[in-house]
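Both complexes shown next keep chain A, but they swap its partner, so chain B is in the first and chain C is in the second.
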Partner chain A sequence: MKIKAVFLTRFFFISMCLILIMNICVVYGSVDINLWDTGRIVFGAITGKFPSDIPERFIPIVLGVRLPRVLMSGLVGASLSISGAAMQGLLKNPLADGTTIGVSSGASLGAVIAIAFSAKSTLVSGLGTFLMSILFSFASICLILFLAKIIDFTLSTNTVILIGVIYSMFASSITSLITTLADKEIKNIVFWSMGSIAGSTYEEVVLMTVILIICSFVLMRNGVELNAFAIGEENAMHVGVDVRRVKLRIMALVSILIGVSVSISGTIGFVGLVIPHITRIFTGPNHKKLLPISMAIGAGFLMLADMFCRTMFSPIELPIGIITSFIGSILFVFIMIRKNSNKFRG
Partner chain B sequence: MKKLRIIAIIFLLSIWSMAGCSNKENVSDNIQTQEQESNKITDMAGNEINLKKTPEKMVVLLPSDVEILYELGADKSIIGVGEYCNYPKEALNKKIIATGDDLNVEQIISLNPDVVVIGEMAQSTDQMKQLKDAGILVAVTNSQNIADTYKAIKLLGQISGKEKEADDLIANMKDSFQELEKKSKGNFEKTIYFEVSPLEFGLWTAGKDTFMQELADMLKVKNIFEDLPGWAEISEEQVLERNPDFIVTTTMSNKDSSPVDEILARNNWENIEAISKKQVFKGDSDMMTRPGPRLVDAAKELYKFIYGE
Partner chain C sequence: MNSNKKSPSILEINGLTVKMAGFTLVDQVTFNIREREKFIIVGPNGAGKSTIIKAISQSIPYSGEILYKGEDVAKMQKNQIARNIGVLAQHHSVNYSFTVEEIVELGRFSYRKDKLMIKEEKEIIQEALEMTGMIEKRKQSVLTLSGGEIQRTFLAQLFAQNPNILILDEPTNYLDIQYQEQMFRVIEEWITSKNKAVLAVVHDLSLASYFGSEFLLMNQGKAVSRGRKEEVMIPEQLNLVYEMNVGSWLHYLYKHWEKYL
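Up next, the complex of A and B:
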């Protein structure tokens, strides 16, 4: 009973924090709309009646542009973080992440191929980009792990990362090739690949929410198995995990999450790598806690990062990858130094 | 013994290099004497071009310069054009030179032109040197605004021996612009928004120091992003906030939908003045961004769109 109470208060606390961050991100934007007006607009959306003293143009800005975008950045942040955490556990590899393993580049390639063959990049009107991203990210994971296995049966950290980086370059080179040979219209890919959550719609948000809920639910159900994997694949086998099946399942879920995120927002680096590491400081390595808390922290982080993109040089927007990579790499170095100094002390 | 040999070699080498130096001096003397005979032209990077005669073979890399030379009637001497030169259509029949990310210097040299006309941005100093070393004259154009465009036309007229045509063209353009400016009855009350990249890839617009800004000024409408330098990615909410009266998109048409329809159908944009009045126009990106004679056409189209005549 007591454990349940602790869990509930934690859950409550974390949701409160996320809601607070969300509110901040909705209030701060490129256009100045004060807290009071923003609150009344959101409240008006619920009741269906807007106060008449609020300029009419503010309503679509808050409800149509800002809110879905904030929600979307939270969802993408959560997806990237939970897939990073799951992959780090599965591969027993602290450096694993969509970008380092090369899955994101694979997903990008899929999306670019889909755009180049004139599937539209908006999610709802055409699922082309979307499906191609998922397909390519899954194929990429399989290929990378297959190659890694041929080279080094133990799947050591370095081999996987090395192959991931090489695969990443390979996929990017094909992406660049397609972009170079493509028509003028497709040169837009360049803008897209810089990463942006702009132009999110509620349809996309709903779709993404459903996918995230399903995938994260199944991933969390596999928390115990991930714990076993984190000690070693052999260990997992010994304690009775159906290694092949669980592995395939987790890989599939991760590639769906990364594929969808990439198709919506381009490649956003460092989130899936850094957030799980930060989370471990609070939760320790148990995946039962690590996965959900990573999700929450990732969501908060990306919402804030996107807010900085929107507001820092307003009215100019920055590509979100700039902020995440900048903060992420600094945090990562900090975590590594901290870890190493612990090692020497202990 | 060995030492002696090495000294001998060094000695020989130094003599050679000295001979090399004096040779070079001779060469530059030659050039200087030739210079006095040829007519001097200064290009837009401030370099002097020693043109001895009207060039028979020219390679032109910038689309705008190709358009200018065609307009001047100097197209016969063009033997090669850059990758993006798609106007007039006949230009596509010329030899196309890779200019994309990397200028193909070898290809230019193999065509053995008398003059290469090149954009300021397109070349590195190394590549310039390679061309000059191959005995090819290099003329640089660099137009950031309409006034520069006149200079480019003048320069290209001088090079191709069509100076009179160039003066006529410049006078014509000036007249057309002046006429449009006089006809434009606005007083910067109406606003305009130029969209370069569509929402799904992140909105990009043209700020000040662009031709689009100059066209807006000429037609007396206010560019809503004139506070930004050059090209910039901007927030969607800023477009809603600044509420433009006119929207001009230069995005390419998609196979299944036109960019105008896409903008008119955008969620949350319904209340923008330009959307509710259906004042969205598909502008020709090439026409509006290339510093050439077609800027007049772009201005005329824009005038028609804004004032509906």
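Up next, the complex of A and C:
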């Protein structure tokens, strides 16, 4: 019972923090709308009646532009972080993440192919982008691990990353090729590739929420298995984990999360790498705690990062990938240095 | 010919053959292990000792039969295998700062659907930590441990897993001499008190003949001889396989200590 109380307090505290961050992110923007008014507009949307003293032009800004965008950045942040944490555990590789092992590039390629070859119907192409992204990210993980296994049976950290980088370049080159050749659809492709979290709709938010809830639930149920993988695949097998089945399951879930995130927001680099590392400082490597807390910190981080992108050089808006990659690449180097110094210590 | 013959056999290996990339690593090896036996595989590098262990733990493809109490291991469920056959790998490298206790707790993975009481689970883990001498470091991160301590942590995990047959691949490779002795004592105590058995690959011939009750001598993938200490661990057999005078070299090595006895 005591454990449950601790758990509930923490859950409550984290939810409060996230809601606070969300509110701050909705309030800040190029148009000044204070916290009180923002709250009343959101509340008005629920009750259906807006207070008359709020200028009418504020309502679409808050409800149509800012709220879905903030929600979406939180969802994407949570998805990328939990998939990064799961991959780092599964591959026993602290440098693994959608960007570093090339899965995101694979997902982008899938999305671009879907757009370039889709029919005119937006619904079909919309669904097509999702499915193709998911499919391509799954195929990418399989291919990368297969190649890594051929080259280095032990699946060492550096081999996987190296192949990921090579695969990333390969996938990007094909993406560019398709973009160049697809003269009719080029506008859509460019639009998609620039389409950050900015143009998010509520339909996308709902879809993303459903997918995130299902995938993260199953991932968390596999927390102990992920612990076993993080200690070592061989050991996981010895203690009785059905290695092949669990691996396939986790890879599929991660592909779905990354695929959908990429098809909605494009590639947002290094979030999945950085957040689990920051989270481990507080939770330790146990995935039972690491996965949910990563998700929360990732959601908060990306909401704030997106807010800085909107407001820092206003009216110029920075692509969100700039901030995440800036922080992420520095941390990447830091982790590598620390990892190598561990090696010398024996 | 052997008093152990009467006890039922736990593990039966029939005509085990492992081929990889055109090479035959293990060629038609047959043996069985009975309760309370300490079965040791010896042989020079590349004899196929570790390959046999990998086949038993189902991590590589093989032909031939591996039976646990008459049941085909290849057809058993993963958690059933883990409950009955426990493997201690030769080497462990951990990348994340799991605590000793977290690693030992994973030994209980195959039992988690049994819904044992939390208290009972805690006692099993406590006992495993005490037997291996890791109890004081239970909250410590494995990244701060020495190689020997890491090996003992994984032995504790294996004790928590509580299989009927322990499979050890060079279990004392990373241990200093004091823990070598302790480790074998602990394992010996464990298998005799619970009617279990052990299959171990041991490089050190003195250690092997001190610890083992049954022996299999291997060379280039083939079983050269099989039987008790007096039948296998003798110069006539060893000299051929190792292509040297094993007895005189070992005697030469230990001569220094004789005067201190």
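Throughout what follows, the second predicted complex is superposed on the first by the 311 of 346 C-alpha atoms of A that agree within 3 Å, B and C clash if a C-alpha of one lies under 4 Å from a C-alpha of the other, contacts with A are read in each partner's own complex, and residues count from 1 in each chain.
Keep this in mind: a residue touches a chain if its C-beta (ideal position, glycine included) is under 8 Å from a C-beta of that chain, and two chains touch if they have at least 3 such contacts.
Computed from a prediction, not measured in an experiment: that's the story for all the values here.
Trainee: Scan A:Lys4 for contacts with chain B and chain C and give back first, second, both or neither.
Mentor: The answer is neither, since A:Lys4 touches no partner chain.
Trainee: Of chain B and chain C, which one touches more of chain A's residues?
Mentor: Touching more residues of chain A than the other partner does is B.
Trainee: Is A:Thr201 touching anything from chain B or chain C once the two structures are fitted on A? First, second, both or neither.
Mentor: First partner only, chain B.
Trainee: Given the touch rule stated above, what does A:Arg280 touch, chain B (first), chain C (second), both, or neither?
Mentor: In the superposition, A:Arg280 touches chain C alone.
Trainee: With the two complexes superposed on chain A, say which partner A:Asn93 touches: chain B (first), chain C (second), both, or neither.
Mentor: Only chain C is touched by A:Asn93; chain B is not.
Trainee: May I ask you to decide whether A:Lys49 touches chain B, chain C, both, or neither, giving the answer as first, second, both or neither?
Mentor: neither
Trainee: Would you please give the residues of chain A that touch chain B in one complex and also touch chain C in the other complex?
Mentor: Shared contact residues on chain A (touching chain B in one complex, chain C in the other): none at all.
Trainee: In the complex of these two chains, what residues of chain B are touching chain A?
Mentor: 100-101, 197-204, 225, 227-228, 232-238, 240-241, 243, 251-256, 267-271
Trainee: Contact residues on chain A for chain B in the complex?
Mentor: Per the touch definition, chain A meets chain B at residues 29-31, 56-57, 60-61, 63-66, 118, 120-122, 180, 183-185, 188-189, 191-192, 194, 196, 198-199, 201, 310, 314-319.
Trainee: Which chain A residues qualify as touching chain C in the complex?
Mentor: For this pair, the touching residues of chain A are 89, 92-94, 157, 224, 227-228, 230-232, 234-235, 237-243, 280, 284-286, 342, 346.
Trainee: Would you pull the chain C residues touching chain A in the complex into a rising list?
Mentor: Interface residues on chain C, with respect to chain A: 57-59, 78-79, 81-83, 86-87, 89, 92-99, 102-103, 106-107, 109-110, 112, 143, 147, 154, 157, 161.
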